[in-house]
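Same chain, two partners: chain A is paired with chain B first, then with chain C.
== the complex of A and B ==
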């Protein structure tokens, strides 16, 4: 029988992983939902966010300054990718796939050239190290930070989606780009902006991930698999679905890891199997 | 004075040559109807005017200004609104959001425009919080037309508004369009002959991607030979 403290610890643990997954998936899901572009290079943008973030935070001697500058830099980089490359390939899914897949190799190799192939553990700043006792069980402060970051980003996206004209255009554009254009809205500019927001989210996610799991030139390709699975569980194109799926996967991994540690690695795939067996279009997906 | 003119407009959609030299002139302050059998090119004509299917050659003038090379999003800003055949009321947006989305200046529908819309469509009052997906066909059509009215545009292009509507909704739409035409020019594409000729002033008949007849609606109503030859009425 689990004690309440341990049970809550598992829930918090799952929630922190869920929030981390949400951060990793949010940009990808947003870009796919609006632009219908499966950006396989999103994992590489996350990795760039991690490496660049650690570098910038160290250079500026500021954790918060590092995260802001990383988010902006990766955002601008994502805008350039959309403007110079993806824009030419709208409507051609195969070429988009080849392009973003090719970008993975280029971006990953540049990381190796600059920072080398070694795996590097990274310590968060002192005030985010160590753990707190919550209901008699220790819980790492950095995981609480992840929950806080995930909540802030989730709320920000909710507010942008539901309280601004941009959010209105994005939600409408997900349904029909042609009608949005017919209303006099320059959707190409919105495409670029959404890609930029996706990049900002990738930058933040990478920064948070870098201080959580360390730096590795394989982290991008590893994350894109998790991202794809979570987005499919949530329902392709549904941002709410992505958020809910990320939390479910995080909680499942936490509990499966505790009760059946040998299945911890496949927890995410168990969730996918169960969800798709019941609803093939994903939790919030529309057939 | 003509508010819209098309001169020898050709449009290709993928490999298909749909418009084969369309010529028409819509007079300001009139309700012009574009008639023709299925596949004649009526919807393509609408989309070509709006820049959604850019024309491959020819000239389109809006208030004497060439618009054929403009981007699709620039054309509505000139004061042209489209009510498409599919209505396209965004299903995950509320009616209020559908209207706000169309506002080009400011964040909300201007008070006087909203009063005008509610005056024409009183049932709209109870729909604001409803999502597009929860509306009936008639309600969707009402919202689609209302959305085209939020900016007070000079030209409304309305494509097949009665399609799939119950007779009672068709009648209320007829009344609404008869009122709207007092303050805007309307180009109406319609298959329903009785509906369109009951409110129309001028007509164009399309066949095989060309305008083959044009004139006054009164003349068309009294000429059964034309009706039978071109429209199968």
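== the complex of A and C ==
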């Protein structure tokens, strides 16, 4: 039997992983929900957030300054991708898929060109290092920071969605773009804005991830795969679904990793297979 | 048809074929190995074109079939002492079933699911290969496969014959009623469904055929390199085949083979000068997606301002005709 302390530790670990996954997925899910564009380059944006974030934080010698500047930079970058590239292909899903897929090559290769192919471990700032004792088990402070960040981002998205005019327009746009357009709102500008928000979220997620797992030029492709699986589990286009699925996957990985460490990397896929064979549209997907 | 008329119509083919047949007699062994890679990747790219170009199904995990074929063949040869030829029927069954399984799991819901999940399934298989070290050799792969033919030059002609066979088969397939149905589905799935075609069945059929072709290509690659690596399963392998198909021109069968030649040669020669050769191809890929949807084989029809062969220039219109949700 598990002691309460160990059990709580596993739950907290799972929760922190779940929150990290939520951060990684949120931008992707938002952009898909509103624009119906599967942004396969989201993983690469996250990787740029990680590399750029570590660079900027070191240059500014400020962790919090780094995260803000990274978020803004990746946001602007995402806006320009939408404005110059994706916009040309609205209405042509196949070529949109291929375009965002092709961007993976370019973004990932530039990372390799600038920072080299080596894997670099990164230390968080001193006040986020070390661990706390929770019910007799050590728990890293950085994981607590991830849980805090995840909660803040989740709350902010909830507030923007439900309490602001922009959120109202976005929610209406998810239901019916035509209607929003008919009411005299320039939906193209909202498209660009949502892409920017997606980019900001990718920047924040990348920054948090970089200090957690270190930097590697493979992280973009690895993360986009995690994101796709989680979004599929949660149900395409459902933001709530993504959040719930992220937490479920995080908890599963934590427990599978404890009992069967060999299978920790495939745990996420097993959750996907189970969910898809029971409910093909995902947990919260519209059928 | 008269011989001269035949010559007139098919002279480019005859020239290319005679060149390829005579190539091993005057070229170095290195060129021959590169050519064999092109043939095999050509088959792989054709199998991909059947999906993306003719059926409109986008798979981002096609390497699964390539890798499964390669590993099945290698394991049967090394662990069960079967000959390469005896492993072929097993590969056909294994890759066919795999295609059926993946299709049943994902295609019954929507194409977007298929696209997303194939990328994940590809990585899942990659992890499995890495983790089952004792069985699959893990990161190191499997080496020391027996030569399947006595000489390299025989292998060269086998690979060439393999490419021709798959190409001719695919042309027949596309020309058949099945092919016409696939194109109809790609152009307007809803209408095809209303006419009474069972969309899922047709998608499964083409996925199984394409999967088997890719599996055979993987097995051939393993036989020529005499080893298999987990890289066969990796997302990079899928990236390569997508590059080839799109740059060459999807929906043309010959385009992907040209793309395979370009990417393979580019990789061989560029990689020694410029480490990030993929960056160049990435830029070319994005430009092609934006400005040249029919790839390099489409250049001619763009220049001549003629309707492209295959009559699918209306694709973008058909897609944009779908009302947004």
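The rule is simple: the second predicted complex is superposed on the first by the 287 of 287 C-alpha atoms of A that agree within 3 Å, B and C clash if a C-alpha of one lies under 4 Å from a C-alpha of the other, contacts with A are read in each partner's own complex, and residues count from 1 in each chain.
Here is the rule we use: a contact is a pair of C-beta atoms (placed from the backbone, for glycine too) under 8 Å apart; a residue touches a chain by one contact, two chains touch by 3 or more.
Computed from a predicted model, the values in this text were never measured in an experiment.
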Residues of chain A touched, compared between chain B and chain C (which is higher): C
Chain B versus chain C as contact partner of A:186, first or second or both or neither: first
Which superposed partner A:93 touches (first chain B, second chain C, both, neither): second
Which superposed partner A:178 touches (first chain B, second chain C, both, neither): both
Partner chain(s) touched by A:277 [first = chain B, second = chain C, both, neither]: second
Contacts of A:165 with chain B and chain C, given as first, second, both or neither: first
Chain A residues contacted in one complex by chain B, in the other by chain C: 176, 178
Contact footprint of chain B on chain A as seen in their complex: 165, 168-169, 171-172, 174-176, 178-187
Touch list for chain B against partner chain A, complex: 50, 52, 71-77, 82, 84, 88, 90-93, 97, 100-102, 104, 107, 147
Chain A to chain C touching residues, read off their complex: 36, 38, 40, 85, 88-95, 97-99, 101-106, 109-110, 112-113, 176-178, 221-222, 224-225, 228-229, 231-232, 236, 262, 265-266, 269, 272-273, 276-277, 280-281
Chain A partner contacts - residues on chain C that touch it in the complex: 52, 56, 58, 60, 105-106, 108-110, 112-113, 115-117, 119-121, 123-124, 127-128, 131, 235, 239, 242-243, 246, 275-276, 278-279, 281-283, 285-286, 289-290, 293, 315-316, 319-320, 323-325
